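Before I ask anything, let me first share the structure, which is written out below as structure tokens.
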Amino acid sequence: MTDINTKIELICFIANLLKDTNHVAVGAASPIPGAAALLAKEVYGSPRHVNILGSVKNNFFTNGAQELFDCAAQGRIDAFFLSGGQIDGSANINLMGVGDYPTNSPRWSGTFGSAYLYFLIPKVILFREEHSRRVLVDKVDFISAPGASEDNIYRTGGPYGLLTNKAFFKFNKQTRRFSLQSIHEGSSLEDILNNTGFSFDYQPNTPQTVLSSQKMRQTLQQNTRPKIEEVYPQFARTLFANTEQTS
Amino acid sequence: MTDINTKIELICFIANLLKDTNHVAVGAASPIPGAAALLAKEVYGSPRHVNILGSVKNNFFTNGAQELFDCAAQGRIDAFFLSGGQIDGSANINLMGVGDYPTNSPRWSGTFGSAYLYFLIPKVILFREEHSRRVLVDKVDFISAPGASEDNIYRTGGPYGLLTNKAFFKFNKQTRRFSLQSIHEGSSLEDILNNTGFSFDYQPNTPQTVLSSQKMRQTLQQNTRPKIEEVYPQFARTLFANTEQTS
Amino acid sequence: MTTSLRELVAHIESGMSVAVPTDYSGVAMSAIREIIRQDIKKLHLIGVPTCGLQAELLIGAGAVEVFESSALTLGEYNPAPCFSRAVKNSTIKLIDATCPAIHAALQASQKGIPFMPLRGIIGSDLLNHHPNWKTIQNPLAEQEDPIVIIPAIKPDFALFHAPLVDEHGNVWVGRRKELVTMSQASRGALVTAEKLYEGNLLEDEKLAAGTLPSLYVTASAVTPNGSWPLSFWHGRDEDSEHLKLYCKMAKTEEGFREYLDQFVFQEVSQ
Amino acid sequence: MTTSLRELVAHIESGMSVAVPTDYSGVAMSAIREIIRQDIKKLHLIGVPTCGLQAELLIGAGAVEVFESSALTLGEYNPAPCFSRAVKNSTIKLIDATCPAIHAALQASQKGIPFMPLRGIIGSDLLNHHPNWKTIQNPLAEQEDPIVIIPAIKPDFALFHAPLVDEHGNVWVGRRKELVTMSQASRGALVTAEKLYEGNLLEDEKLAAGTLPSLYVTASAVTPNGSWPLSFWHGRDEDSEHLKLYCKMAKTEEGFREYLDQFVFQEVSQ
């Protein structure tokens, strides 16, 4: 699969994860999740509300930067996306850096809102294209936000699953482990096992990820495209560079 | 003195109390303090900021009804006015009603913001025109807001003094008592003692309240009048009904 | 997307808690009368931070079980006759607060936190009677430093009158940010609006700065003159003659019944 | 009432704490370069809730003693070279937070309360390293319910770039309410603005809804293109070529010095 086709498949896959939501918020530099939310709205009519943070036009918050966090705490955001420089098998994420805090090297940007939103948004989808032992580690060097919490901790949200360019895992809150759901075209169970630094549950006969329908790709091309172009002009240019290839 | 002249003297008197302030906030139904704040701004250039609550035009708050309270807590309001259905000798005020709570009869409106603002605004001027044993009581039936607090209580504000249509008292934080400062024209020490339900400190030779200067009354008539008319049209009509009388 | 006043009010069920703003913020008086016509009862009414004629009418009509606010005032038309009777006869439960505590309780709900600390209050008799407030030691202070904590209030609905609503359900509230707080603190907002705005309020950055997004709005109805007989900050003056008439009629229980007949029950539901 | 950029920045003294907004809110880059020219040092810089090039430049110039924020990101131009060096060599003190905690700390200051409770955070390693946060038992809960309390942050100044200022010192910030929070939480606000608004921003109710009143504004300077080379939400796009150049030059300490010489010290103070 071409890189572009992989991105289109990821967009369609995520869109299908969002069809039971009312309000999806998307971080500023997240074109694939953003495109997916816009596509789901187009195809399913839900989410009804898509909020692209950092954007002026596609962000309906009016109460300042704090509104995202208030809104999440009110239970009014159903899905969100987080990533990590490191993600471990307990769904802990590390956005801080490698090595011992505070002298990490490399030091990444920092924790952003993850230490809060991960607790309060019901369907947090961990999304990281790179699927390697460098990223998917046994234990993160710094827990920016924990994947699970003790029963006495107020927590209404958490990880739903982990999507990479090789596979999709669901997270099991009880066992606190990922379980492999499907393997994308071009990868294999062996490839996944070789490139994942944490242990996870899987069936030997894990199915291949179902490819997107032609109808969905068409909708993306024809209906969602202008909206994506509005929010992510550069990304749209790459994505729709060769429209023949994708339909 | 006519009723109108008394009101004008009260306005000028209060204006003189405000000349060391930067920001004066005034409650909605308080035409005399409001006029005084506008006059002080006119005559002394301070307060620089006058905020008439409940007004659209003369209220510069833009962050909703909560901004008054935030602003007070930030230490950005220097003077405010409170009143009371009952006020006692310890400067406790009662805005709740007569008799035992909750079945007061009469029941007054309620405590409003007094239980908070009284603690946080440095110069709170108690203002009540009626000077009688009905209002100025030995002990209020309900403490809406206390006049003084123990040392371990966070308190950056409190009562500065009490102004009625008979006299002006200052409040002494140490002794927690009022002391009579001056007696308005038309009243006397005997009259004050007869009509005050709480005990207070006084000198046998308490001076008469100094009448306003003609210059101040002129400024009120000529410069402040249009601003007062804007905020308190009905009050202005009464106050400036017979302009000859007042100058 | 906008609905009728009747359908708007039908979202409110007996026993619910409803937050309403003070007179200068925009009071949905038409909706208040519709509540009485729909015979909705046992309301927990929260006046943010104080309340006026709307509480007086609802209390008089027997629709209020709990009244939580910092004051009930008719301004220059005080005292409020039905409120006075209800207090004297203990026919409503009172939760008396102070303005910033009402705001703090709603802001706590808006932020999804269990409580908000607040200065002041200590030494006020309010603290002895309030069922929910609690004094704690400031956990950050080394010296003794008592502070009151105000538990969150999460109303079922916020109900108010605004200048503009658009067909997407966005509502322009301008500087009246307490309406945003009330709405975000509640499960949803019910809004009557003076006018329908053609277009999308969020697409004009000037208007967007004073707009409550539709995400928080359960229903809205275009209701011109919806604050009558009260004034509206973005338009009309109060109907002083009517307010005087009200005070006269409501002096007695019978007179108040007559007022309801004439001005509430005979009004046609929209 | 407006002043020069030079005088505006002169309010800031070495050792002060300064709150600055994140890139999409309006960053006063001109003022940041002026801070470097005025050789102001030992700043406690608070990124609300995250920070970008402005922190990177100040850190590189050695102006920052403490950096308190939830992230330092140059977006697609990451990693930030000076920040990376400073972290590796421990030449700045870090107070790493999470976005809503920065907001909560400022809102606590805005409300004059010692702290604000906040959900989440427990189990994050942030909590083990933050010097001020504290976990307490929720005083209202009967069961075990730990909650983090965030102490107020009261900066000396808030510093940002806004679309409009008027001659009275009122500033239009539109939907960017975090700028209002930052300003009210601080001792005062220092504001550069794209344009002077003729008239009074508070006299137009539409504009008033997005206006920070002059009461909170210590000084303001009209500084067109004041966010350069960053984009500005109410106007310009970023100067991508310049940002690429920055990243290239700042890769080495020497290159960064050259960048400062060329683009900061040779710029004429207004």
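Structural remarks
A, B, C and D are the chain letters, set down in written order, and residue numbers restart from 1 in every chain.
Keep in mind that, in the parts below, a residue touches a chain if its C-beta (ideal position, glycine included) is under 8 Å from a C-beta of that chain, and two chains touch if they have at least 3 such contacts.
No experiment lies behind these values; they were computed from the predicted model shown.
The chains touching chain A as well as chain C are D.
Minimum number of contact steps separating chain C from chain D: 1. The interface holding more C-beta pairs in contact, when B-C is weighed against B-D, is B-C.
When each chain is reduced to the average of its Cα atoms, B sits farthest from chain D.
For this pair, chain A with chain D, the centres built from the Cα atoms lie 29 Å apart. For the pair chain B and chain D, the distance between C-alpha centroids works out to 41 Å.
With centres set at the average Cα position, the gap from chain A to chain B is 60 Å. In chain B, the residues that reach two or more other chains under the touch definition are 56, 61-63, 69, 73, 120. Those residues of chain D in touch with two or more other chains are numbered 111-113, 118-119, 145, 147, 175, 180, 205, 208-210. Contact between chains, as defined at the top, is found for A-C, A-D, B-C, B-D, C-D.
Looking at the complex, you find that chain D touches chain C at residues 104, 111-119, 134, 136, 138-141, 145, 147, 149, 151, 173-175, 205-210, 234. Chain contact summary for the complex, chain B toward chain C: residues 28-29, 54, 56, 61-67, 69, 73, 95-97, 101-120, 142-146, 149, 152-154. Residues 21-22, 24-25, 48-50, 69-73, 75-76, 78-79, 83-84, 87-88, 90, 94, 96-101, 103, 107, 118-126, 129, 143-147, 175-181, 233 of chain D are the ones that touch chain A when the two sit in their complex. Residues 109-113, 170, 180, 184, 202, 205, 208-216 of chain C are the ones touching chain A in the complex. Listing the residues of chain B that touch chain D in their complex gives 23, 49, 56, 60-63, 69-76, 120.
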